[in-house]
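These notes are about the structure you will find just below.
Lettered A, B and C in written order, each chain numbered from 1.
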Amino acid sequence: MFSLEGLTAMIQNWLAANFNPTMVLVLQCVIVILLAITLFAVLGLVLVLMERKVAAHIQIRLGPNRVGPGGMFQTVADTLKLIMKEGLTPDKADKLLFNLAPFVVMMVGMLLLAPIAFAKNFQIWDLNIGVLYISSISSLSVIGILMAGWASNNKYSLLGAMRSGAQIVSYELSAGFAVLSIIVFTGSLQITDIINSQENGWWLFKGHIPAIISFVIFIIAVTAETNRAPFDLAEAESELTAGFHTEYSGMRFALFFLAEYINIFIVCAIGATLFLGGWMPLHIGHWGGFNHLMDYIPSSVWFMGKTFFLIFLIMWFRWTFPRLRVDQLLDLEWKYLLPISLFNLLLATVIAIYGWHF
Amino acid sequence: MIQETEIIKDTTHLGDEGEMVINMGPQHPATHGVLHLVVTLNGETIKKIEPHLGYIHRSIEKMCESLTYRQFIYVTSRMDYLSSHINNLGCALLIEKGMQIEVPERAKYVRVILSELTRIASHELWLGAMAMDLGAFTPFFYAFREREMITDIMEDTCGARLTMNYIVPGGLMYDIHPDFQKKVKAFIAQFKSKVTEYEDLVTNNIIFQSRTKGVGILSAEDAISYGCTGPVARASGVSCDIRKLFPYEVYDKVEFDEVIETAGDSFARYIVRVKEMNQSIRIIEQLIDNIPEGEFVGKTKNVLKLPKGEFYTRVETARGEFGVYIVSEGGTTPHRIKFRSPGFSNLSALNHMAAGSKIGDLMATMGTLDLVIPDIDR
Amino acid sequence: MFIKDYISDVYNGVTSLLKGMRKTGWYFVHPKEIITEQYPDNRATLKLADRFKGEVVMPHDENNEHTCTGCTACELACPNGTIKVVTKFETTPEGKKKKAIDSLVYRLELCTMCNLCVVACPSDAIKMAPTFEHSVFDRTKLTKILNHPGSKIKEGIE
């Protein structure tokens, strides 16, 4: 069966045999760039359609089903429409920041692609502080949002951007603590180490109570970080202020829209890596036969399956719950999630020291 | 000259501490209809709300002065289009009272069943729309599935789904469809099985509760002084159900409770309407098996003329008390008609309820007021 | 005590959310519950209620005869002047002059579907038909003449 595992090694060897070392590096960079852009485009297409279809089935109706078989080309049609729209810049807006903001948000998404392992041996950059890199780069997205709100020269855009910024900065704390509790179990920040340590079972099952609590907190925190419902007050349509991307239209709006879905994919990929084992198939303890059977399914399929399951979970949240008001949102974080995650970290440390996990 | 500039300066005075005046314009996803709210904000807190009405004023009252007593009833369907049967019933009751027309029992039973079905349909739509305002998009579709069953029943019997024009002075326009009882019973069974869905998704949801509890409080004295009726007043503890206090048709023969809550906040208004739906089901269950045989319309003259004088009737629509007042000079058309719309008085309490709260609470408060703007603007 | 309230708060909150999720999840895995009617594709099997008020028509039987006497009761009953009855005089076989209907002009764009004309007609000449696809590109097509050309009244109707 086709698997991505040997692909990188194969290409690396072929390039090294045919070109001099600097050229190899340059060509590798070019290949990575092309793959990243393709991934973004395909993901955008798939995720937008998935959201609409999931929403429709929960709401007892059919989703888009006219453009292409089963509505497959709906996003293509939407993208064409957005490209043809007039991209309006408000009169007194700060032109440089206004045009730069969507790109900053997209750049954060692209940078975060680097440490994610899509399959065995299929990772762009396996650095030894992988998780720290992820936490720090994801904090940079606040800059893009604040830039968008400030440069729009619209009082209510700014208000929405500030609210969004406060929300993201607060929920990063809980997400960080949730991630830390898994690091306490693994003992290393490197992504490959984390995945390899899940060879005899995913941390969600091995780390029982603290891992489950961390998982729940992590899912809630990343839903808030990516401004998804029920935490999407900043961009809600039926509220007064339409949020930081009010003044954007046309292609720039499409970039914000796309960046939101890419962010969801990336945080779900991180969640899948840390809690559900990344590309590691489901192994139970040392049951050789079962594990061997699970290994037949390629690792890329495992990774994508887990990530899309988490994405489905986040979409399920959106279509079930009403929105939280902004003060209730911050209440939830500082009064409930943070104390619980601190306590959870303590619990995880105690369990890791005494070896009470599986 | 000096006076004019002084007046202009007054209206453009923005207030100290940089208060901002914004329009929740006539076209807005959350105001149900064309309602223009001028909101004065201080940062995030609301200082004052001023509704500007009239965007859908169609001069219905003036129009009715040139229509005969049989013809003007269809217009009231288009005022509060979610309780169209009940509006028609109010007008028919007034003419029957004025001309002393006998209504057969069969017609009375069917009229009450249709009114209660309309009330349930209106509350279903309100539930879906309110949940959608607060961000939960799914209960809207579940509520519409039940409402679809009711509109199917209406389509079979009356021929139309929204503006039904089926109730005439004297009874009904034509007899009910043979499948009427069967379909209503099927609807009751389905509704009872789906009531837990609304509870799971909306009522017991902690996010919904924290968004509506303690928000938009209206005390009983304020409710009476603003003239609020219907679920808005009943949630503040004021007992004002016309079906209990001034029973008409067969309401004195059926058993049902008047739902009263005392908290006066948005959650109480929500609970009152949900419980009212259950009470309506109870009324329909008592009546559906016992529709007497007989005529469906009483004997009336061909041309109706109300005697000279003033007449007033009130009915309980899904929004509150709907009153019809006719001044007649003895001719075939009314000399002056006035409709007392429930939404108008409920809307006047919005400033009192929402001033001092945050913008996010405005949506919850307006959602629970259940405004239908064509009813306010006639 | 505070800890107990805190924990029970969290527990109740989480369970209420999970119950809601179970309901929507149930609908997701039961696609049979979908009630959407895919309208333009299902015209062949679409069935409307018999009494649906789509437009006013004058039924003609197989001899192209209708029962309208030209009494203008419908025109008087209509609240907003949608119907206009144009009458003519024609001679009966006995030699008397009788009023008969020339054309019944019905303007669909004004009709409110209130059914008062149907109820007012003493000879059941008009009724409501359940057609609902009325859109045209040219507004003059909405002014319809209800009696077919060359049709005449049935015998014995007064």
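As a working rule, a residue touches a chain if its C-beta (ideal position, glycine included) is under 8 Å from a C-beta of that chain, and two chains touch if they have at least 3 such contacts.
Every value quoted in this text rests on a predicted model; they were computed, and no experiment measured them.
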Going by the contact rule set out at the top, which chains touch both chain A and chain B?
C
Whose C-alpha centre lies nearest the centre of all protein C-alpha atoms?
B
Which chain's C-alpha centroid is most distant from that of chain C?
A
With contacts defined as at the top, give the pair, A-C or B-C, that has more of them.
B-C
Where the CA atoms of chain A average out and where those of chain B average out, how many Å apart are those spots?
46
If you average the CA atoms of chain A and of chain C, how far apart do the two points sit, in angstrom?
52
Rounded to the nearest whole Å, what is the centre-to-centre distance of chain B and chain C, using the mean of the C-alpha atoms as each centre?
25
So which stretches of chain B touch two or more other chains?
138, 145, 201, 205, 207
For chain C, which residues are shared contacts with two or more other chains?
17, 20, 23-24, 35
Going by the contact rule already set, what residues in chain A reach two or more other chains?
58-61, 319-321
Show me the residue ranges of chain A that touch chain B in the complex, using the header's touch definition.
55, 58-61, 155-156, 159, 229-230, 232-233, 236-241, 319-328
Show me the residue ranges of chain A that touch chain C in the complex, using the header's touch definition.
54, 57-62, 316-317, 319-321, 336, 340
What residues on chain C touch chain A, complex-wise?
10, 17, 20-21, 23-25, 27-28, 31, 33-36, 38
Interface with chain C, chain B side, in the complex: residues 67, 70-72, 74-75, 138, 145, 148, 152, 155-160, 163, 165, 168, 173-174, 177, 197, 200-201, 204-207
Under the touch definition given earlier, write down the residues of chain B that touch chain A in their complex.
20, 22, 24, 29-30, 39, 44, 131-138, 140-142, 145, 201-202, 205, 207-208, 210-211, 358-363
